[in-house]
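One structure coming up, written as structure tokens, with questions to follow.
For clarity, chains are labelled A, B, C, D and E in written order, and residue numbers in each chain start from 1.
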Amino acid sequence: MIAFLANPQRFMALSAWATPLLGAIAVLLFAIGVPWALFVAPADYQQGESARIMFVHVPASWWALMIYAFMGVTSLVGLVWRHALADVAARAAAPIGATLAGLSLVTGSIWGAPTWGTWWEWDGRLTSMLVLFIVYLGYIALWAAIEDETKAARLAAILCLAGLVNLPIVHFSVTWWSTLHQPASVFRAGGPAIDRSMLWPLFVMALAYLALFGALLLCGMRAIIYRRRAQAAIARRARSA
Amino acid sequence: MSALYAVFRRELALAWSAGGGAIAPVGFFLGATTLLPLAIGADHELLRKAGPPLVWVAAALAALMTLERLFQADLEDGSLEQLFLCAAPLELIVLAKGAALWLAVGVPLALAGAPAAIALQAPTALIPLTVASLAVGMAGFIGVGLVGAAVSAGVRRGGVLIALIVLPFFAPLLIFGAGVADEVQAGGPFFLLSGCALGAVGLGPILAAAALRIQAG
Amino acid sequence: MSALYAVFRRELALAWSAGGGAIAPVGFFLGATTLLPLAIGADHELLRKAGPPLVWVAAALAALMTLERLFQADLEDGSLEQLFLCAAPLELIVLAKGAALWLAVGVPLALAGAPAAIALQAPTALIPLTVASLAVGMAGFIGVGLVGAAVSAGVRRGGVLIALIVLPFFAPLLIFGAGVADEVQAGGPFFLLSGCALGAVGLGPILAAAALRIQAG
Amino acid sequence: MGGDHHFQASLSVERLTLARGQRTLFSNLSFEAAPGAFVELRGPNGVGKTTLLRAIAGFLRPASGRVAFAHIEEPALALHFLAHRDGLKAPLDARAHVRFWAGLLGGRSDAADTALARVGLHAIADLPARVLSQGQARRLSLARLLVAERPLWLLDEPASGLDTGGRALLAALIDEHRARGGVVIAAVHDDLGPGPTRAIELTP
Amino acid sequence: MGGDHHFQASLSVERLTLARGQRTLFSNLSFEAAPGAFVELRGPNGVGKTTLLRAIAGFLRPASGRVAFAHIEEPALALHFLAHRDGLKAPLDARAHVRFWAGLLGGRSDAADTALARVGLHAIADLPARVLSQGQARRLSLARLLVAERPLWLLDEPASGLDTGGRALLAALIDEHRARGGVVIAAVHDDLGPGPTRAIELTP
């Protein structure tokens, strides 16, 4: 798979039609998921309508973690097998992951205001998530700071791997420390503790996020590759002179 | 005139090209503002009281760290001499450098003050004021920092030295700045802050220029 | 072996010769710990609570500022290549550098924690523990910081970038470090702190060395 | 760039004594440089050539003696100083540097591209200074001499790092400058090409 | 320093292609360097001499081709690399540098003073590197070649900044090293003195 995609030409050809396709799927899923979440799914019996923000918050939070894990894998591939495309993938994924982490923080705060009576709380989950967000920022900043792209890729990869230690902390923070934030209620031993009627729209939304991520990722990767080609053209002009 | 503009533009370009532009200082600022809550833990009362001061200390340190290499790099790579050979007075050149730094780092950082304030449980009503006062304060910090940077330009790993030199002068800015949050209606602290900042921006470049002339000799 | 000793000695010499050696960071540390009380105002109760966290935040930031130029200077002046040409593995060389930094800056800073703690109204009984935990914590900060310094060595004005990169990793050290003061009898936080520090000191040099190899290429 | 008009500026070094730290480098050095003069400073390493150039530029004050300028109101605005360290900023590209110098030193920024072409960096004007080779960096700082017209050139080992083509270029620049009545004072270890009007052998 | 014993080490560059950024500098370069060989690298600024030396030293990996060593187990421990930037630390004095290199590169630290004397810095061994002149700094890094015995010398424009005496010294050092069977590869713009066994003209 990776070996197949490692060839940029092949990747560009593939992504040329894969990108719009994923985009379309994302739109479709959102078209189903959003109304379902907002109108069909029952309001939470404790929290009322405000609980519906769950359908934004939870998937955003999940994918914020997953995308970082994805970056960890691609970084490793880039470091060990020197697949240029892996570096590109990690680089393109970072802003998306950062945005989702930010979204999780914001929606979480908004949700927290009515339910916990506070916008922000320095408990394990929230803090560790904030830390993840900052790690994202650091990763992006490092990429931006180093002019030599090949260097930047490998250095950023090292940083990304170091940052992986944070993921389990975020995930298990709710179980390790006593937090306001509720414990894992979907992916947990003994099946989900959320009612089916909320679970299905949640999954649809999660898939929609995934499709959107795929589309944006490919877009970003293509943009980076095009910029590289432009720079190569400049360098060639330098050589020919 | 065009000399000043050239310096200003170059400094802006450097600030944005290296260190990822504003991402890094802003990120550092947010990071630093999270440090204390991390250490304190979830004690609201404490946070609300210690919050504004902390935001200001973080801002001060962010200013410090961006300032550190400002003149040191110029001294090492020999571009400082170039600045002596231009028509504009060195004081104004230093001012231009500071202005560029303020635009590139100070302003974004002031804006980042909003989320930071929220994280530190500051009342939402105060946020615009916080941002405004941070923008003013950053100008003051940079004004003071210029002197520290110029004085310790020759020193390897001078960051800490700068800090040592300028922190005392940061104190008034910090106190008034943090005070702004306390008395909203009474603009007192804000005016005092602006006064200090103005003084720093006015005097800083003059002293810095003097120090730089010595550095070259 | 003698290669490591050479590096250690040189780094020590540099730390002491340039930037005022350990005096500057310690001074910064004390300065920073006095800033917040200034800003907070003389609210004893508040100070006593906020004391230990403040000390730790200040220590973390002091560590940051000393780290900045650690590898950047070596990269610019070409002495990094020299380190590649010696018999000792780069990981150990980096460790030696870190150790020298800890001895030159970390230890004095930990000692300075005593007066700082007093200034912040911390109970006198806690002071030895504070110093000990600070010494351990500084080792951890430096271990983490080595990675940040190595990764951003090529970056002009990298100080802020380093800060942004390492701050999140400082978090656990800070939390446990500040926690030490709270539960004196129960050594829990202290062991956790030592654990984190150990991990940082163990892993840091390895990642840093990897980063440095890339920097040279 | 206005090769037609003619510089009047000249300078004379009068009984100059330079010291660094506790140590006196040389004493009572005197020489003149009339318009069109090309003065070579020679001497063993560490004798004080660079220091002398910096003293003439006004960057450091002599222990005794003086440097007198004629037909120059403000020396700092009448000289170019080409040092060992070229004052290049790693992240900025070649063109940005030349533009900056033009603005800073009061030259015409449209001269930037012609200057880059003259020093042979036109093709790599978009590369950041960080990646320039030793000689390319030196060529870039030579471009500084072209973007702003100044009568007095102080060059510290200007040929170091230059290839044969680069040295020919340097020689040509010096000749043209002298033809305009400009003064060139250069610290050298071996000949630059144009015969000096005066070669000063510094001795400790 | 054991002038008696004889180095065996040799290397061969095989179809080497180097690239920086997106750009290929030169392709399929091949040459050998037997014990006692002195290879001169010539070519216009920016052609890739420094890059080639760095590739041989193993600091950067070639786009294609390889550098093969004979009678050398670990290349990094068998070579000296003399770069443009001398890796001097401003606050440390000359002697401290030489001692450090001796320790780092596995030389005998009692060789420090003899080395300093040889490069003519004995008198100023206590001056911080910050105040050294260009040529003095270059002489100091020459001392590095003396404190640790290594068969392969990679010199990047070693004569730059050196006065006539310094160049004679450099020539002598190279001759002695070759007499011991050492290999010297130097990027140069003009002759160092000793006739090269092989002069390679790099072309883009």
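Convention: contacts are C-beta pairs under 8 Å (C-beta built on N, C-alpha and C of every residue); 3 or more make two chains touch, one makes a residue touch a chain.
Everything numeric here is computed off the predicted structure, so don't read it as measured data.
By C-beta contact pairs, the most connected chain pair is B-C.
In terms of the distance between Cα centroids, chain D is separated most widely from A. Spacing of chain B relative to chain D, judged by their CA centroids, is 37 angstrom.
If you average the CA atoms of chain A and of chain B, the two centres end up 33 Å from each other. The mean-CA centres of chain C and chain D are about 45 angstrom from one another, to the nearest whole unit.
For chain A, the set of residues that touch two or more other chains comprises 127, 131, 134, 137-138, 141-142, 145, 147-148, 234, 238-239. Residue positions of chain C with contacts to 2 or more other chains are 14, 18, 73, 155-156, 158, 161, 164, 167-168, 171, 217. Residue positions of chain E with contacts to 2 or more other chains are 21, 84, 89-91.
On chain A, the positions that touch chain C within their shared complex are 127, 131-132, 134-135, 137-138, 141-142, 145-146, 148, 151, 154-156, 158-159, 161-163, 166. Remark: chain C residues 2-3, 5-7, 9-10, 13-14, 17-18, 73-74, 76-87, 216-217 touch chain E in the complex. Interface residues of chain C facing chain A in the complex, by the touch rule stated above, are 147, 151-152, 154-155, 158, 161, 164-165, 167-169, 171, 203, 207, 210-211, 214-215, 217. Listed in rising order, the residues of chain C touching chain B in the complex are 14-15, 18-20, 24-25, 27-28, 31-32, 35-36, 38-40, 43, 46, 49-50, 52-54, 56-57, 60-62, 64-66, 68-70, 73, 155-161, 163-164, 167-168, 170-171, 174-175, 177-178.
Those residues of chain E that touch chain C in the shared complex are 57-61, 76-77, 79-81, 83-92, 96, 99-106.
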